[in-house]
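Below, subunit A partners subunit B and then partners subunit C, in two separate complexes.
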Partner chain A sequence: MVDALKPPKRKDPLRYTRLPLAPPGARSRAALRFTARAAEGRLMLQQCEACGAFAYPPRDICGGCWSDELRWRDIPPEGKLLAETTLHASTNVYFRERLPWRIGSVKLAAGPVVLAHLHGDVREGDDVRIIARTDKSGQGVLMALPAKETENMSDDKALRALTCDPKFRRVLVTDVRTPLGQAVVRAALTAGASKVFLGVAREWTPFAGREALYALENTEVTPLDVTDGTSVSEAASSIGGKVDILINTAQYARPGTAMARRDVVTARDEMEVNFFGAMRLLQAFGPAMRGRGADGENSAVAWVNLLSVYALSNWPAYGVNAATQAAAHSLSQSARADFAGSGVKVVNVFHGPLDDEEHQPLPPPKVTPMALASGIMTALKEGVEQSFVGDIARDIAERWREDPGLLERELTLTKNLE
Partner chain B sequence: MGNRAHRKGYDGVVVTAPVTIPYERYSPKPAHWWIGRALKTLSTRSKLEAKDIDGLSVSSFTLFPDTAVALTQHFGLSPRWLDHIPMGGASGVVALRRAARAVAAGDVEVVACVAGDANHVNSFRNTLTAFSRFSQDASYPYGSGGPNASFALMTRNYMNAYGVTREDFGRICVAQRVNALSFPHALMKKPLSMTDYLGARAVADPVHLFDCVMPCAGAEGFLVMREENARALGLPFARILSTTERHNAFPDDPIQYRGGWALDKDEFWAMAGVSPDAVDLFETYDDYPVIVMMQIEDLGFCGKGEAAEFVRSRALTVDGDFPHNTSGGQLSVGQAGAAGGYLGLVEAVRQLTGEALGAQVENAKIAAVSGFGMINFDRGLCTAAAVLVSGGGDG
Partner chain C sequence: MSLLETLSGAVMSGAVRTIDLTHTLDPDFPVLVLPPEFGQCQPFRIEEVSRYDERGPAWYWRNFSCNEHTGTHFDAPIHWVTGKDLPHSSVDTIDPAAFIRPACVLDFSKEVAKNADFVLTADHIKAWEKTHGAIPAGSWVLFRTDWSKRSGEEYLNLKEDGAHSPGPDAGAIRYLINERDVIGFGVETIGTDAGQGGHFDPPYPAHTLLHGAGRYGLQCLKNLDQLPPKGAVIISPPLKIKHGSGSPLRVLALVEGK
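On to the complex of A and B.
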């Protein structure tokens, strides 16, 4: 059994802050595809279309029959740990400061033998469950977990290096005026966050749920208006060095295409929140988080963007809003580059229309704030960088993966919309 | 395709002029210097000049961005036969067999075979970081333990499979240290006891400090030519009875526990015309002792899984009944990059020509040499072996 994680001690501000280091991040193009799927938490290997053999490490030609028809397929996560070793020396500085480090050879049920990081509760000869995740370099790696849940399982140091578990971490929820923001606060506390900063715009005006929210333990009200650069800077100078997970819940959504509106005023409001708001947060909070990617047990670990799934492909009912979401999505991709190598993951949680007043006329299914909040926590605990919450988001994601061009026609040629 | 009886021998071809450029733990000198000095020493020993050396075979990890091609201009050579062999620990035997074929065929008169590597303070790490695509994609990100990690898993698996103990591996390392104490170029100069061996710090369990080689700078070389040329130059020589080479053997073994030797050993000994019993000394590739055991087994000195019993029952020192890695091997001499793949071969030629720099194996007539190289992802891919016979006596 892994020792339970202890609450980190209050940090002496004069102490040296360990610089974020990363495991080796060089990969072939074929291996980058493994990374792309691992970022979604999917365990995939190449399978030869011609002979059916699974290949590992990723390659360009099948080692069995020389076919180049290698397709990435989800594989069952089962395997057996054939041999293990505990490293006491490493040529890489990231691992050097984390020694001893355990790795092992795992025979996958799908066939190949892989090297994998080992959870503290797995032993040589054990059946294991294999996961694929991105490591601190942002690249995909494999890890062997116990086949069944064990006590304190998520506290394992090698696993915690791959996840963004909120346990004992400090979370900033950028906008708690909405039911969504408040649901995220509660979910973060339930997930074990040691503190949640409550970002409140226009703090002097009341909002529904305020009293109950402010009464929660381990929370701290932080004036924060993402549409106001000064407010964002001030919040960052006050708490920026303590934010381990930032969840940007600020959203602004109105229906309509460009031609359904008469001017750009509403679009500007949407951009102010959805795009410039995210950008202001990145500029004010990003650098400090990037510098704290290896700051002990409660290192900075995740930057969470909540994005409409229609950021991937426009839905005319909320056509202009989807365009601002697409802009925010693109910004999140450039933020990946900003955070690369820092150990802070950019986590994009895509969702369908929320069950809130902004989407009041829409029929179900809609995502409840609680469902989305819980989806965010799951993504953080699992350490995935991309997640789709709710039936609509998953449906759109699947269609988008299958054929983005087809999805675009499906969504925009309204005759197809029954 | 199965019948290999048509394989031609290496009649009339000899290997001679074994040279070593003394190893240094760290040196600012580049690979070009080490290889160039080996070439110079080969020339001094053989009295051959650049114009006489019409073949060159090079192995090195640290020549980048150069290859053997650039060295021809750097060294003022105009060879008609040029080879670059990136096979790490198998480089020596492979260089020998290729050069011997070319000399036998008359494509070239004299081939200088040289392996050398630099070892700057950062060389080892740099070599590991970009060793191979599969290693980069699927091995290095897992703790960056390098070959220590790969061999730890192989060693663990081998120990589990055959009931081998650390002490069994220790016998190999301790005996090699005895051999090294009389070898002037060995970097390890202190005796090693079994207690020292067992008490060493863990590097990648079950691999401990004295199971690992010390990376260093150095070079090794030899000449391949026709026998009449060697005689004319007054160079003592050895003949080649047999060679073998195999890559990526047994790819479906989940963890490597045998090498390509096992696939080809019958043909190998048949070509040599002698059995393993006839061998007076055996030079294995010893980056880790587990691979020594695999070579002993897979080349037929004992059955599979019996190497531990073999090393328990035999004395592996120069004066023992199974002289093994008679100069101390890489474990005690040091691993000068690709030159580590030459060390055993160069030592075997010295022993067979009575030119041992350290202790001499008495009446050394027949030597077996084997090589193993290139951990790609999880296992070593290149295997090679040769049987050499002293040029004197019945020659």
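On to the complex of A and C.
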């Protein structure tokens, strides 16, 4: 059994802050495909179309028959730990700081033998469950977990290096004026966050749910308006060094295409929140978080963007809004480069229309604030960098992966047929 | 000495005091909030362009943006539908002499302290005139409520049924236009109309009637408590914005004596 994680003590303000280091990050292009799927929490390996052999680690040509017809397949996670070893020395500085470190070879039920990091509760000969995740270098790795949930399982140090578990971490929810923001606050507290900072814009106007929200323990109100650079930098100078997980719940959505609107005023308002707001947050909070990627048990771990799934392909009913979401999505990709190697994951949680005032006339299915909040926490606990919450988001994502051009026609041409 | 030399000398010596009636343009200063389906008033915003750094080594400057009705601001007749066809109704076409005018300051701060929804009527104005004499034609009428001393949430004073703040009824405004020929009406609140003015008859009487008659509004004023009931001169030139419906501006009052 893994020892239960203890709530971290307040940091000695005179102590050196350990710089974030990363395990080896060089990968081939084939291995990057494994990373891309691992970032979504998918375990995929290549299988040779010609001879059926699995290719591991990823490569360009089958090691058995030299065929280049290698197809990526989802692999069932079941396996057995064949052998393990414990590293007591390493020339890599990341692992040197974390020794001893256990790794082992796992025989997957699907056939191949893979190398994996080991959870503290697995032993040689055990049945294990293999997960694919990105490590602190941002690259895909495998880890063997106990086949069944064990006590304090998520507290394991090797696992926690792959996840962004909110437990004992401090979370900033950038906008709590909305039902979504409030649901995220409650979900973060339930997930074990030691403190949640409540970002509140326009304190000069009241909002629904405020009293109950402010009455929650382990919360702290922080004036924060993402449309105001001064407000964002003041908030960052006050709490920026304590934010381990930033969840940007500030969103602005209005219906309509360019030609359904008469001006760019509302579009500007949307950009101010959805794009420039995210950018101001990155500029103000990003550097401190990037420097705190190895700052003890409650190190900075995740930057969470909530994005409309129509950031991937425009939906004309909210056409202009989808364009601002696409801009925000693109910004999140450049943020991946900003955070690369820092140990802070950029987590994009895509969702369909929310069940809120801004999408009131839309028919179901809509994502409730609570469902999205819980989807965010799941993504953080699992350590994935991309997640799709709700039926619409999953469906659109599936169709987008299959054929972006087809999806574009489906979304834009069907409007005229209705 | 000429008239203006005398005046400028008095301003410099302090015999004529200059009082600033303007709130600082601050990103956090409240703006009018409309239902989400309407276009919104942009609050004051600042983005730094350079500050003696790699973006501009020797100079500090910033871009700012806001609505024409953000902060302490001037309302031109064209702001309201009733004034849309009047001549000289936008800030760029108004006779600049209109920007220097005397003011009568009607103090109802005590009444407003007791009742946030205080409604100014023609009778209130007539009672004020009994003490201070008739309002001269061409004056600003400044409605002192001490509302500018409120901050945060107390300023808009939004409740579930909307804003609660003082303002005039139609009778008061008609009296000021038809009987007193004022140049405009100035307030400490976010708008010339009461918070509940949408329920008056006609709705928003100050906007509807003043602008329909080619008169002006001044909003979000402060320091009205430093002005005498009569005798102050208001200097209130808005920015010369093409077709401007209004403009943030610096409002100054000149007051004689201590």
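The rule we apply is simple: the second predicted complex is superposed on the first by the 414 of 418 C-alpha atoms of A that agree within 3 Å, B and C clash if a C-alpha of one lies under 4 Å from a C-alpha of the other, contacts with A are read in each partner's own complex, and residues count from 1 in each chain.
Basically, contacts are C-beta pairs under 8 Å (C-beta built on N, C-alpha and C of every residue); 3 or more make two chains touch, one makes a residue touch a chain.
No experiment lies behind these values; they were computed from the predicted model shown.
J.: Please determine, from the superposition on subunit A, whether subunit B and subunit C clash or fit.
T.: fit
J.: Output check: A:Tyr16 vs subunit B and subunit C. Expected answer is one of first, second, both, neither. What do you get?
T.: neither
J.: When the two structures are overlaid on chain A, which partner does A:Val141 contact: first (subunit B), second (subunit C), both, or neither?
T.: In the superposed model, A:Val141 contacts subunit B only, not subunit C.
J.: Go through the superposed model and pick first if A:Glu84 touches only subunit B, second if only subunit C, both, or neither.
T.: first
J.: Which holds for A:Gly229: it touches subunit B only (first), subunit C only (second), both, or neither?
T.: So A:Gly229 only meets subunit C here.
J.: More residues of subunit A are touched by which chain, subunit B or subunit C?
T.: Between subunit B and subunit C, B touches the greater number of residues in subunit A.
J.: I'd like to know which partner A:Gly104 touches here: subunit B for first, subunit C for second, both or neither.
T.: A:Gly104 sits against subunit B, while subunit C stays out of touch.
J.: Let me test your reading of the model: by the given contact rule, A:Trp204 touches which partner, first (subunit B), second (subunit C), both or neither?
T.: second
J.: Quote the smallest CA-to-CA distance from subunit B to subunit C in the superposed model, rounded to whole Å.
T.: 38
J.: Can you list the residues on subunit A that touch subunit B in the complex?
T.: Of all residues in subunit A, those touching subunit B are 23-28, 30-31, 34, 56-58, 63, 82-92, 94-95, 101, 103-105, 107, 113-117, 124, 135, 137, 139, 141.
J.: Contact residues on subunit B for subunit A in the complex?
T.: Per the stated touch rule, the residues are 124-125, 128-130, 133-134, 136-146, 148-149, 152-154, 156-157, 160, 201-207, 251, 254-255, 377-378.
J.: Spell out the residues on subunit C that touch subunit A in their complex, using ranges where they run on.
T.: 27-28, 30, 33, 36, 39-40, 42-43, 45-48, 152-153, 155-156, 158
J.: Within their complex, state which residues of subunit A touch subunit C.
T.: Residues in contact with subunit C: 202-206, 223, 225, 227-231, 254, 263, 265-266, 269, 357-358.
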